[in-house]
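Sending over a structure as structure tokens; questions will come in a sec.
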Amino acid sequence: MAVLSFGQALKDALDVAMSKDDGVFIAGEGVGVSIHYNPNLPTHGLLEKYGPKRVKDTPVSEAAIAGLAVGASALGLRPVVEIMFFPFITLATDMLVNHAAKLRYLSGGKSSFPLTVRIKAGVNFAAGCQHSHNLEAWLAHSPGLKVVFPSTPADAKGLLLSATFDPNPVIVIEEMLLYWMKGEVPDGDYRIPIGEARIVIPGNDCTVVSYGGSVYTALEAAKALLDEGISAEVIDLRSLVPLDKVCLLDSVRRTGRLVVLHDAAKFGGFGAEISAIVAEEAFDALKAPIKRVAARDIPVPVSPPQEMFNKPSSEMVIAAVRSTVGKR
Amino acid sequence: MAVLSFGQALKDALDVAMSKDDGVFIAGEGVGVSIHYNPNLPTHGLLEKYGPKRVKDTPVSEAAIAGLAVGASALGLRPVVEIMFFPFITLATDMLVNHAAKLRYLSGGKSSFPLTVRIKAGVNFAAGCQHSHNLEAWLAHSPGLKVVFPSTPADAKGLLLSATFDPNPVIVIEEMLLYWMKGEVPDGDYRIPIGEARIVIPGNDCTVVSYGGSVYTALEAAKALLDEGISAEVIDLRSLVPLDKVCLLDSVRRTGRLVVLHDAAKFGGFGAEISAIVAEEAFDALKAPIKRVAARDIPVPVSPPQEMFNKPSSEMVIAAVRSTVGKR
Amino acid sequence: MGSQQADVGLKKTMYEEMVLIRKFEEKLIELSQQKGKLVGMQILANGQEAVAVGIVKALQPDDVIVSNHRSHGHLLAKGADPKYLMAEIMGKATGVNKGKSGTLHMAVPEVNALMTTTIVGGGPPLAVGAGFAQQYRGTSNITVVFFGDGAAAEGSVHEAMNLAALWKLPIVFVCENNCWAGAQSLSEHSCLRDIAQRAVGYGMPGESVDGNDVEKIYALAKKMVLRCRNGKGPGMIEAKTYRMRGHGEHDHQHYVDKKELEEWSRLCPVKRLSESMLADGLVTEAQLQTIDRQIDAKVDEAVGFATESSYPLPEEALQDVWVEE
Amino acid sequence: MGSQQADVGLKKTMYEEMVLIRKFEEKLIELSQQKGKLVGMQILANGQEAVAVGIVKALQPDDVIVSNHRSHGHLLAKGADPKYLMAEIMGKATGVNKGKSGTLHMAVPEVNALMTTTIVGGGPPLAVGAGFAQQYRGTSNITVVFFGDGAAAEGSVHEAMNLAALWKLPIVFVCENNCWAGAQSLSEHSCLRDIAQRAVGYGMPGESVDGNDVEKIYALAKKMVLRCRNGKGPGMIEAKTYRMRGHGEHDHQHYVDKKELEEWSRLCPVKRLSESMLADGLVTEAQLQTIDRQIDAKVDEAVGFATESSYPLPEEALQDVWVEE
């Protein structure tokens, strides 16, 4: 078990996958040579190790990058391609949603598309709304795609490795702002099953469901709440598709309360799905309204006070949990 | 008041808009000359009436069509462009979501983009999943876009006219299978405010929320339910963004029960947002779990029995309503 | 067997395949007039048979083709079984894709037609991936992607050509310029008349060819394919041809000049090949009639098979989304 | 005033503008080394000033420009006030976009820079719309869109050029080929060396020009703009230039050959213009120094203004999404 940063853990996953299976290649804008020379970036050093045949810097062509992955996977390779920032996924959604996700179905189960798309996400890095726009809700609403969104270095490695070797198209969303965060990471071919959530902190009074970077917002809130005697259970979904409904529903059945948190905009966000599942399947256990804490329904602004204002804070989570347990 | 088909009503809206304001033009693949020669299609005859300067057949270039709308609207025109089928919107989402929706915000409120995008939707016309994939949930989760999805000829006209003259980008989703359906349509510059839902049938026992073509599935169900003594209130949202929360919450506060229905896939669909709002803001009024009735989480299949199986039926709505009122 | 004899054999085979495509689709025209027989719109390659056959004949079985909404010809030329195609077009469980695709996106992995897409312009990026895999694995196989004159306006085609040229991928881009994209004629949707001119902008060879002359197409394809197989990178073929039917059988071509249709019908690729073979004494009328009858039987067999097949079960719609491990 | 004098005046103005851009951005380099002063990455046009100035000088005030992530030069050349740009780059309420944009997508409608996008390749389709509106309204205005060599690989650029050419829209496509797209050199991301060759594939004129020679750029721009204004349709200019700084000030160009940087620094467009004006006796060293001082003062004023301005209120983030009626 090594201590690695989140970015290094992702790189470790790529490294293990590439050394294990020569059908694995990576491609994207700057995955080989990057403007950032930084060992905490997930593809740093892989070009040097695996050479330009397997580490492909591409033109600025998101549709072609995605098409490359779809076509190469159909012939049995295991592409792991990168979309530089989340909003650029719009340029690749035809290839991903109409092709990667559907071509197997259209073939009647004859073709398969074992591809992975890594997307760099993040709402708070001062680049504005054309770089910051978390759209996991879109991908989760696209039958045929699996979607994972890890929050720790170990999960990042374990999920990326599972994604790479999954026989289906998997989207791996990476919270960029975590790239520097360190944690213990198991060595070798370590995989985490896609579709299993994780209880980060057990608790009795309220379930707080989150994923990606916002897990830390939830943890901060849970810590503060404990001081006032409120025991929040924090769940890290890790996978959005397939979703670990068992873990979610079990928890809510125990706590009777639910707060959902994410960094994407609230309206139509993935939190709505979590809420809706619970309102349908664990309704009788619910003791209070389901609260959602999320970003505002605006494009992400650049000015620092506004960017901060837009991102959901632990204070907002605290207030939401308090209100569900009947405290002000 | 004339009796028009849904398609004619849309055409009437375009006709009124074009004759009223010479800044209105329409563009898209086959909006002038179409492979379908049919007076029930929304742009039929407009080329003959307004000429090729204002009725623009375009190349097969969805991104350019959307870009045309964005750029032309920035200079003060009122483009109404068409995306032929819903899944093709993936090719235009960068222009719509990263540009139409955000450029005003990015300008600090200086530029504006009074454009309209008409999208032909429909899940049941035997063309398969690359033609049938209702993605209203994506657009509703894109701050800066308004989204309407009418179900009657009159609403279609009224909302399309409001969209055309709205100073913001508006997406008008047209249920193709309704093009032939007839109804009374007010003459002239008839507008329906964007953001107002409509109670189609009042009722006391359960609220059924729907929009677009699935409103008729809801009505069918409501009728059958009445026979067994269950009074369902059917709400047609008409606008998804902005959403008429007042109408929705009022109704649920009265009935205490909610079933949400749409033709898009269930997981991550727009129904989740409706459910989540109610679970958050009208929780105390709820007497039963919130049910969602929607398509399966699969690509839309072609084979007739499977296509039928995939689309939510009135039987499914009936079963859902029954279960909320505690009957089997 | 001398090369001349081989040539005769090839011509006959090409003729048979073109006739199969023609008759298979003529049957679809017939069936589409009977309510409830077929599922969805029928987009036919009537008039374009020479392109499919001439190109595919230049390929090896393990070469890959990526097809589009107008795929019947491509797939039959590649060797797909008409029975399973017909069943798919009827939405039957025995269809090549179990009825999940219908006519518009039939994939036939058995003959290396792994991906068919009805997203106009969707094929070329997929071909980039296929060609990349072939190059990566060090095989000598290549990928052919068929797309239309209309598709040439899609951004995806541009991205794919740039990437294919940059990485010297073994891809032949085949543009079937059939003068129409839906109801828009070439001059209404493209700033160019010769789509092959685009090749310059990617530093790849590009040539136009009479798309109704199967021999010329075959010769050009041979050349491009060989170049490609030898690692020289992609090339582009523009086959100038004509779509004789509407865009779907409900489309009655109200926007088409009847004279144009007449002129092109004189250039019918099937007729041209049979007449040239007759003129050269390579076949007799009687032989042609035998071929006709054999193909008729094959098509009838396909219709019989498809008609007798049952629809898939509704719940089976839930299958085939995922590879289950 | 004789045309020669006009010429001298023009050169001086162009020089002043180039110096303004240079100094404005040099100040950004300085400020970016001070923590918390600027917001976001700084993507600078250092070395490319001649393109912005040479092109924009050929425009009228009511012509439209569509800019990209590397916009400071374009906007200043078009007449944007450095004070409001600087305040925007600092995320201040007085910024040209109230701090909502920051450096990457500043729009300055006051000078007809209505749309700036940091989506690579996003500009050309927007330009299609702007050019269409100009044509539709029957004005004689035109639209210029700036994009990079990297952007030329995006599908959107292709769609835009095809449509612009088809409809003869009044658009000049200006490709600033600065040899890099992020950390990828031209030969790593493009199958072409001369992006202007792409113009052939759209049937529009396309010319390459020394992008560090403002006079040549201006002359070519004049020609293309005039053609465009006269309804002859779009054209393309490829300005061959070089990005002297990294892609953002955190990028230390580890992937760039230092010799290449040295060679291009010898071709500095600002120095070349000043030297040629000195050689031709159009200005004196003293005059140049005066210009320098004036521009320094202007930049300092901008920094002062921006620094003293306050940030917008957090809740104001909720404004400007919609036009409220």
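Miscellaneous remarks
As written, the chains take the letters A, B, C and D, and residue 1 is the first residue of each chain.
Here is the rule we use: a residue touches a chain if its C-beta (ideal position, glycine included) is under 8 Å from a C-beta of that chain, and two chains touch if they have at least 3 such contacts.
This structure is a prediction, so every number in the text was calculated from the model and none was measured.
Here the repeat of B-D among A-D, B-C or A-C is A-C, since over half of its contact pairs match by residue number. The most distant chain from chain B, with centres taken as the mean of CA atoms, is D. Note: centroid distance chain A to chain B, computed from Cα atoms, is 30 Å.
In terms of their C-alpha centroids, the spacing between chain A and chain D amounts to 36 Å. With centres defined as mean CA coordinates, chain C is found 40 Å away from chain A. Residue numbers of chain D whose C-beta contacts span two or more other chains: 95, 98-101, 105, 117, 119, 153-156, 159, 162-163, 166, 189-190, 321. Listed for chain B are residues 58-59, 61, 63-64, 87-88, 91, 94, 98, 105-106, 128, 130, 143-144, 296-299, 301, each touching two or more other chains. Considering their complex, residues 87-88, 90-91, 93-94, 97-98, 101-102, 105-106, 128-130, 133, 135, 137-138, 140-141, 143-144, 241, 243, 264-265, 267-273, 275-276, 278-281, 283-284, 286, 288-292, 296-299, 301 of chain B touch chain A. Here chain A touches chain C in the complex through residues 25, 53, 56, 58-59, 61, 63-64, 66-77, 79, 94-95, 98-99, 103-112, 114, 143-144, 166-168, going by the rule given at the top. If you check the complex, the residues on chain D that touch chain A are 39-41, 91-93, 95, 98-102, 104-105, 117-121, 150-151, 153-156, 181-184, 188-190, 246-248, 250-252, 254-255, 311-318, 321. Chain D makes touch with chain B in their complex at residues 64, 66, 95-101, 105, 107, 109, 114-117, 119, 122, 124-134, 136-137, 143, 155-156, 159-160, 162-163, 166-167, 319-323, 325.
Put simply, chain A touches chain D in their complex at residues 29-30, 33-37, 57-64, 87-88, 91, 125-128, 130-131, 296-299, 301-306, 308-310.
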